[in-house]
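First chain A sits with chain B, and in the next complex the same chain sits with chain C.
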Partner chain A sequence: MTAATVQQSGAVSAAATQSVGSKRPRLLRWLVHLVVIVFIALWFMPIMALLVSSFRPQADTASSGWWTVLVRPVFTADNYFLALDQLKVAGSLGTSLAIAIPSTILTVMLSMIGAYALVRMKFPGRTALSLLLVALLITPPQITLVPLLRLYNAVGLAGTIPGIWLYQVGFTLPFGIFLLRGFLASIPQELYESANLDGASELRTFFSIVMPLSRPIMASLGIMAFLWSWNDLLIPLLFMGGSGMSPPITVNLAGLVAQTTQGQGPLMAATFLSVAVPLLLIISLQRYFVRGILGGAVKG
Partner chain B sequence: MTDFLGIVLALIVLGAIGIPILVYLALGLGESILTLVPAKAGQKLRPWVWLLLPVALAATILIFPVIVTLGTSMMDARSASFVGLDNYAWAFSGSMLGIVGNNIVWLIAFPIATLVLALFAATLFDKVRYEPLAMTIVILPTAISFTAGSVIWTQMYSFQPAGTPQIGTFNAFLGLFGINPVPWLIQPVVNNLSLIFIAVWLQLGIATLILSSAIKNVGSEMIEAARLDGASEWRVFFSIILPNILPSVLVVLTTMIIAALKVFDIVYVMTNGNFGTDVIANKLYYELFAANNLGHASAIAVILLFTALPIAFINIFQFRSEARS
Partner chain C sequence: MTSVSIDGVRKAYGATNVIHGVNIEIDDGEFVVLVGPSGCGKSTLLRMIAGLEEISGGQIRIGSRVVNDVSAKDRDIAMVFQSYALYPHMTVADNMAFSLKLKGIAKPEREARIAKAADILGLTPMLKRYPKQLSGGQRQRVAMGRAIVRNPQVFLFDEPLSNLDAKLRVEMRSEIKALQHRLKTTMIYVTHDQIEAMTMADKIVVMRDGVVEQCDSPLNLYDRPANKFVAAFIGSPSMNFIEGTIRTVEGHPSFVSHDGVILPMPSAAVVPDGVSVTYGFRPEHLALGKYDGIGAIVRLVEPTGSETMVQLRVGENDVVGVFRERVSAAEGSTIHIQPDPERVHLFHAETGLRLA
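Up next is the complex of A and B:
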């Protein structure tokens, strides 16, 4: 009965809104649709062009634009074989994974520990430390390069992948703590108190109560940390020099753009392989990505 | 190849499983040491046991280099003798003026273009039923690296002399109307804007997400009331929606200003600073590795930091007001 009334009044108000809506010219509504559809089509076009070009024969790419496939569809997977075979793309993808996966997990773990201490424990200097963290959010990476290159050379971290982890984790940590801090502060105090009454140690409370509760926000931080690490060019470009490993995919691509001997096709295939991982990630975990952006931005 | 795969796997196991276990054990060790000291002292020490690793890491990667760079920015090329503010004088003279000018173009054009397009997209998407799809498409480029984004855009900007078939999307499109092709990446002024637009394409999703969520939080009663009073959509946007989402607009602007300040990848990949497109982050890279001038590079880095500082203050201010509320 009550539900029906509510539904009815809902329908009435919806009808009212609609009648207000229909006062506005119908033309305007169609115009909105047209503009939105043209806009998203244009925004998607570069990715479409990349995908199409990566499957076009070498000769075609050199002589005509990607849209030619609309009238004369000729496709080949040769570019991908060339990219994997001659451009060392497989090795680069491997190096990128070896950098990004540990970097992501360590960022999430250390940010959790730091944020937990900042939120849960009271100590002199807590506010100052929180403010310092926010200031560190904006430190440009360029200012850190020379002293860290020297330090890395001195301690033997130069040209190693653990050196890149160390940099990326340290650099992302302020953001991570900032993002998690907001979430941890919203966990009800009673939960901690009951854990204390049960005699759980601080470590146990952290690992078996706080961590499982924070899974969604950890996923948000994780996806952002992974994207930053995977997409980073400057740090591997500077810190990976002289290592025996293949360069990560961003460094490899930047080098390929400069030398055009292989032609556009394989470069497009290599580029598509490099964006496939982050694109899949963002499509499948969009919910968490959106949460990370909103939690990190609106609060900062 | 199998060797390489083994190394990759070993590194992932070490970094993603081994080190986290070590961190866990270190925390456990710290906690058990705390049980040995009197409870009161333990309470005082506990935060620092937990903060030890995060703080040590941030101090090593961020705080220590900033302090050292402040020092080397006042030393000569080889960091051998003190030169006062000479490097800063150099950074604002001669060929550097054009580079600083380019950064100023980035600092103005990039945030404003992103903001306007994001407001446009967030407002219009809000009016259609397929908003989630539209939003997903705008978010997609945010997952792409600036490097890959630059490669992707070479296909849009590619230029052939007039009279030959154009394989670049934009020039082919202009050709349909009989307009001469534009050398997007070579012609001064146009090339800076072309590079900036790549960044807009890559970052618009973030700005649109933030503004869209803010717009949805504006009370619909207020908007409907204004519409009933006969306010135009234009008026509703400028008098009701925009004033209500100003904090989010500020967030978008500060985020994009910081991004514009640090821009490196796009310029490095697309033009390497040629044709009058150089920016300070790319120049810093050049001074460091081609010219080997540590003093110049450090001064540029310090200028980057101090330009970003006011933005940090805005952030801190918001952070404090949030903490109070």
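Up next is the complex of A and C:
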């Protein structure tokens, strides 16, 4: 009787251990999923809060937190109308785009040309130029502000969008050239030689072989350059004073934060709009972002 | 109809000479293999013929044209690289069409040439695929297809089979040879594998340290190597060498090794007495004697199925024998071997040059 019970309990406990053991990997996976979901929720929460608040009437925002919409959803688009029209957010978005898009295109094109020259051509002063680029890379923009502003005023660039392009492209170029240079150096020499034997001139090789291969890294650089340009507050703030057009979105928002007469609603709306543009860009190009960064490291 | 003439060609990187005066004549339609150990200059020479490296001295002629100062794309040659160098972002068809588009060849002609090359190489089902979707052997064929569509005067191959596995290498070897028979174009092929050289070449150029050691047909290189280096390089397993001197023994000249072993001499050899020589014989030219011949201690028996490789010790020397028959000697036992006297090679001990 005792022996049988011992045997039975042994069998049961063995079965129990076995079943717990087989559940453990699955449990671990669920745990990992849970942690990831929590992190996503945490990261997404501010944007969620922003979006929800921007659609709530002013009175509600002042009296209760944004999460109350889950219980009592009351939405309005008033904040957006106010922001776009009275607060000139529409114009600001336009100005920001007018600054960011050409700035990005110029940065990517010029970085590509510069990186190609550094990798493929041997010319006197190549090393000196590379060192100069490194020096520019670590130069803090702040020290250039006063001299450049004076120069801009003298030349008549102050308050113009091309002036901003010049500044932003100039300061992003060293980074861009180095990023692209790493990738271009990973293209095997034999590919160039093969193109050469096939009859391609240097220019033809650049357009038909190098540029198509570099699309991922150019996309990453483009995303980064666009983000930096779009989010730039300091330069437009300082260099675009006195211009007749709407200030860029960053400057506009900075001003809105200071004034409280209109309430927080329009600020929420304006902020969300300023976030939405880069968000859309990254979501549509996100596969290039990661691939491009790693692309230089692993040769295909 | 193109011959290639390499005339006193030198190559220097700064002050260092890497190729010292190479002379090679390649006839129209010949398959010539440049072979040699790593660093001997064969790839550099090939690249100079292609136009990818500057020529420091001498002349290279393709046909009757001196091409020293002609740019690579105008030399009317095509090259197959070791790593194939396919354009990763283009399909197979586009890869092959690239050079033709650059030459301004019209679309119908382009498509015809690509279709023909694809047919020869068995690439027709793959024309719309990208290089990353192909296997190593298929990529190599695309590289060859790219070269074929250009109808060049000379094909250049830079170790094209090095990246393939052994079995595929054997298969591609015969395919390349068949291609050459079909196209009848002059081909210059670089490899470090002497078996590839022996099986594919009409003429082999053995190089070492930037100099041509010997330039001859495969069988001549095998039967009459000009020096000890070529004798050791060609043939696998490589030739056995024993050091010794020529002495008159019992009235006729014989080879006596430093440790006193007497080995038979070829009948036609005329070597004066007392000269220090290296005695060379190939592992496959050893016969097993029952009781006569030279005693050798068995160190290792390696049967490969079709033949048996035996590592032996003769006096102080390690000797390798390859026998058609099965050898059932135990390790440590003594067997008797006889080198075939007519297949023995004698080299001068210091210069390494062939004496007989």
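Throughout what follows, the second predicted complex is superposed on the first by the 241 of 300 C-alpha atoms of A that agree within 3 Å, B and C clash if a C-alpha of one lies under 4 Å from a C-alpha of the other, contacts with A are read in each partner's own complex, and residues count from 1 in each chain.
In this section, a residue touches a chain if its C-beta (ideal position, glycine included) is under 8 Å from a C-beta of that chain, and two chains touch if they have at least 3 such contacts.
Fair warning: this is a prediction, and the values are worked out from it, not measured in the lab.
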Could you tell me if A:Ala59 is touching chain B, chain C, both of them or neither one (first, second, both, neither)? neither
Let me test your reading of the model: by the given contact rule, A:Gly114 touches which partner, first (chain B), second (chain C), both or neither? first
Should A:Asn196 be classified as contacting the first partner (chain B), the second (chain C), both, or neither? second
Once chain A of both complexes is superposed, is A:Leu34 in touch with chain B (first), chain C (second), both, or neither? neither
Would you sort A:Gly91 into first (chain B), second (chain C), both or neither based on which partner it touches? first
Now for A:Pro188: first (chain B), second (chain C), both, or neither, which partner does it touch? second
Now for A:Met48: first (chain B), second (chain C), both, or neither, which partner does it touch? neither
Quick one: chain B or chain C, who's touching more of chain A? B
Using the superposition on chain A as set up above, list the residues of chain A that contact both chain B and chain C. 300
If you look only at chain A, which of its residues touch chain C in the complex? 188, 190-191, 193-200, 204, 208-209, 212-213, 300
Please output the residues of chain C touching chain A within their complex, sorted ascending. 50-52, 72-73, 77-79, 81-83, 85, 87-89, 98-99, 102-103, 132, 146, 150
Residue set of chain B touching chain A in the complex reads 1, 4-5, 7-8, 11-12, 14-16, 19-20, 23-24, 27-28, 31, 44, 46-48, 50-51, 53-55, 57-58, 60-66, 68-69, 72, 121, 124-125, 127-128, 133-134, 136-148, 150-156, 165-169, 172, 201, 204, 206, 209-210, 213-214, 224, 227-228, 233, 247-248, 251-252, 255, 258, 261-262, 264-265, 268-270, 272, 281, 284-285, 288, 294, 297-298, 300-302, 304-305, 308-309, 311-312, 315-316, 318-320, 322-323
The chain A residues in contact with chain B across the complex are 17, 20, 24, 28, 32-33, 35-36, 39-40, 43-47, 49-50, 53, 61-67, 90-91, 94-95, 97-98, 101-103, 105-106, 109-111, 113-114, 116-118, 121-123, 126, 129-131, 133-148, 151, 161-162, 165-167, 169-171, 173-174, 177, 201-203, 207, 227, 230-234, 245-246, 250, 253-254, 257-258, 267-268, 271, 274-275, 278-279, 281-283, 286, 289-290, 293-294, 297-300
